[in-house]
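The same chain A turns up in both complexes below, where it pairs with chain B and then with chain C.
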Partner chain A sequence: MEHTKHIWRAAFLLIAVLTFVIVGRHFLVPKSFGEAGYYRYDALFEHMDKEPRHGAPDACADCHDDIAAAKAGGKHAPVKCEVCHDVLASHVKDGEKVADMRINRSWELCAYCHQRLVGRPALVAQVDIREHLELSAGQAIPAEACVQCHDKDAIHHP
Partner chain B sequence: MCERKDNKGSSRRDFLRMAAQGAGGMALVMVGGGHSLVSANAVSEGGSDRRGPMEYDPSKHRYLYVIDVDKCIGCGSCVRACERENQVPRHFFRTWIERYQVSRTGEVYVDSPNGGHDGFAPSETGADISKAFFVPKLCNHCDNTPCVQLCPVGASFVSPDGVVLVDDKRCIGCSYCVQGCPYGSRFIHPETHTASKCTLCYHRLVRGESTACVQNCPTGARQLGDSRSLGDKVAEIVATSKVHVLKPELHTEPKCFYVNSSREVR
Partner chain C sequence: MHGQSLNFLFPNDVHIMWSLMIVLYPYITGLVAGAFIVGSLYHVFGRSELKPVSRLAMVASLSFLLVATLPLLSHLGHPERALNIVITPHFTSAMSAFGMIYAAYLILVVLEIWLLFRSEIIELAARSTGIKRGLLKMAALGVYDISDEARRADHKVVTVLAALGIPAACILHGYVGFMFGSVKANAFWSTPLMPIIFLFSAVTSGIAMIIILYETLSAVNGRKISGDCLQSLAGYLWLFATVTVTLEILEIVTLSYAQDEEWLIVGPLIRDKIAFSFIGIQMVFGSLIPFILLGIVVTLKRYLTAGMRNVITFIAALILLIQVFSMRWNVVIGGQIFSKSGIGFRENYVPELGTREGVAAALCIFIIPFLIMGAFNRLLPLAVEDGDAQARSH
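Entry: the complex of A and B
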């Protein structure tokens, strides 16, 4: 058996490579990789763990039931509170108020929906804001132009 | 300035480390790949493995998204809601609105100023516009997704309930997926330097809530459905209405369906 040495050499090399692969794989492949596909399964749960910032659709009514009731009968009923205000997470945490809710009183907020535009479907009332305010060419639109006439109640229950 | 230099240096080091890990890991996963594939099927079909904070079984859901172009008023509430829900950096978008204006002679004008985040100003095309409409866009959460196929490190994946997600701890920021997405739905986050995209508000879905964009759409132009939920109204729309997907010729099999769309929309 003059070739025994060569066979042992090959076998040793094979074992060495296999050991390297198995040990290397253990350290290089992240935990949970491949459990549910070619990705790190734990990443899915990291996505789940993120905290929502918008509240549930009726969350505001828990405290502001009067405004919610008035709004429910108005034309702005399909518009969620957080569209015009800020997210619930900036106002309430664990059921406790942490800060005042920000109120956006700019005319731009109203214009997002109510500026008359080519291609805007007639689902909402539309005006050309400059025309509506009867502004002359160079005049800028005042910052809180809309809310000067359309007050809080008129907005919540138009 | 100095700090910036440091950041850059460390991120390059991180990149190299992760690239080495990724490449090595990938080669080794390929070697021992048979095992992972077997267990993959076992978990996604059985759905018995529960981790995370809530009782949620991904195998019981299959989300789909319907956009009614006739109902979109281009207000941008969805874009702002997405930004606030997911802390999307300024001038980057996980969802955006495009305004299409088509002239009588067939020219198509498309604009999306700041993604529709700040609304739309009156049009200044000067052309004789014969039809115009707003088209909300987002990740199509394709069944046959190019971005996931392109990812060299397995950082992009399709969840068992059909949502395309990014593992930002694994992403090396190579941006192959950004280039590969035919819908332009991905971007490299300017701070984390990893790929970022619409997650279909996965953190909200698992809590039984709708996505921020759907919840804040004032006209119901955006709707979220679940084809594995019996009697789901949105799944019924897809089943019974004439729906359209973007770039059907690419066979990406999107799960976003457009109603009342037009041929100009790509």
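Entry: the complex of A and C
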């Protein structure tokens, strides 16, 4: 036992470190953590205080009833306006238009959903972009390729 | 943004999300566990011929352990949130269990290395001056007892720690395989064999890494390589590599023979998509060639000169390191190449060069352990003195 002083010191040091960690952890756990589950309960209220950015599914119809009606009868009916444009809050505040809404004419927007992929279910119409545009090899895809033929009425009511 | 709203619309498993970093992560933890097992062969199982690499193995294990989490941090981003997993651990989360295993293992390895190098720390403190002396004295915890009794006590504790370390190292690495094995939706991963394959290939890579480090260290220090030690390492490497490859082949053969629905996608995956990295690198180049080379070293040792043996073993070890890396690659990337729906394949994955998860970042992370070992070696030599070791061991 006489020659094990260093081992006892190491053991003591280890216990001190562990105690420090356990005590330190106690102070680092965020307030209200675990009050209603394995998360910080206050986070809920911080979220509730935030202004909603997205509108309800028919939020655009209040002012764009023509487009909304057209869309409702077409194949894009399940696709919300905000998916292709932008969130309601970027355009309308307190029932007034405050800024221009984004109009996304890029082919990437359509490709997101219509590019042919093996993993994509057949119930969504898919095209091989380059084939559909009849591009020759090496030719780049024009930025606003799709809206040249699928115009806004066709897009809102395909 | 439209991107966020799409997820509910389509099964969007089009991209390969787990990048090169997720390949590197099990590779590095494998080296941690493997190196530790080599050290334990000496410290616990009394393979005294492995004495020359006993310290090297422990320090290598620690060095890789210190960077083991970096690939994850780089992959996930937000490294400042990393500690949340420790501060509010959830006990049903495998990831937070990993945090605890990692911490326990780290303590264990640090303690063990401290005991192994205690005498050197004290001797070095006596020889140095100024701040260095103060730091070294602190590292010795203010006890300068290097009597035979004290060393015997050290040795006992080291043996116990190393014995505890074996299950810890196995869990640390088996967990990685467990993570993949428990991804049920993936036909290539979800087999209970996964943790075992990961474990064996970890030991393979660990032994191979120790062989390379040992030969390099000996060359740098101008020391003679111990023939017994290298011969024994080559034997272990041969054994573990053979078992690993057998398991890897068995897994595929089972899948193929059972001809269940997953073979419809796994078959073409191996034939067309990862033929080069799986059949070419992992099986033929990475397994067959080292098997032959090490077979020569093990069975024909009487006909080989020491120099030839060292070179052949070195080459075999290097190839096996590549083999294990390609195994990680094939599991992580290969397993993601087909869609979870099993209908077809996803887009190809080519790692970027300069991004956070690119090749350059991976190389930087992988180099750090070697820098740590180099720095360690300058302060406290990793090579074991023969006479000195006599006193230490019994």
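The criterion applied here is as follows: the second predicted complex is superposed on the first by the 114 of 158 C-alpha atoms of A that agree within 3 Å, B and C clash if a C-alpha of one lies under 4 Å from a C-alpha of the other, contacts with A are read in each partner's own complex, and residues count from 1 in each chain.
As a convention for this text, a residue touches a chain if its C-beta (ideal position, glycine included) is under 8 Å from a C-beta of that chain, and two chains touch if they have at least 3 such contacts.
Quick caveat: nothing in here was measured; it's all calculated off a predicted structure.
Judged by the touch definition given at the top, the superposed model places A:A10 against chain C, while chain B stays out of reach.
Of the two partner chains, chain B is the only one touched by A:M48; chain C is not. Of the two partner chains placed around the shared chain by superposition, neither chain B nor chain C is touched by A:P158.
Between chain B and chain C, more residues of chain A are touched by B. When the two structures are aligned on the shared chain, A:E2 is found in touch with chain C, with no touch to chain B.
Within the superposed three-chain model, A:G73 lies out of touch with both chain B and chain C [touch as defined at top].
Once the two complexes are laid over each other on the shared chain, residue contacts for A:P142 go to neither chain B nor chain C.
Legend: residue contacts after superposition of the two complexes on their common chain; A:P121 is shown touching both chain B and chain C.
Residues 25, 28-30, 33-34, 38, 78-80, 82-83, 86, 112-113, 117-121, 124 of chain A lie at the contact with chain B in one complex and at the contact with chain C in the other. Considering their complex, residues 2-7, 9-10, 13-14, 25, 28-30, 33-34, 38, 78-80, 82-84, 86, 104, 109, 112-113, 117-121, 124 of chain A touch chain C.
For chain C in complex with chain A, the residues that touch the partner chain are 1-3, 5-6, 9-11, 13-14, 83, 86-88, 90, 107, 111, 114, 118, 140-143, 145, 147, 149-150, 152-154, 157, 339-341, 343-346. Contact residues on chain A toward chain B in their complex (touch as defined above): 21-22, 24-25, 28-30, 33-54, 56-57, 78-80, 82-83, 86-87, 108, 111-113, 115-121, 123-124, 128. Across the complex, chain B meets chain A through its residues 21, 24-25, 28-29, 31-32, 35-37, 39-40, 43-44, 49, 51-54, 56, 58, 70-77, 81, 84-85, 99-101, 118-123, 129, 131-134, 154-160, 165, 167, 169-170, 199, 201-204, 206-207, 209-210, 212, 215-216, 218-220.
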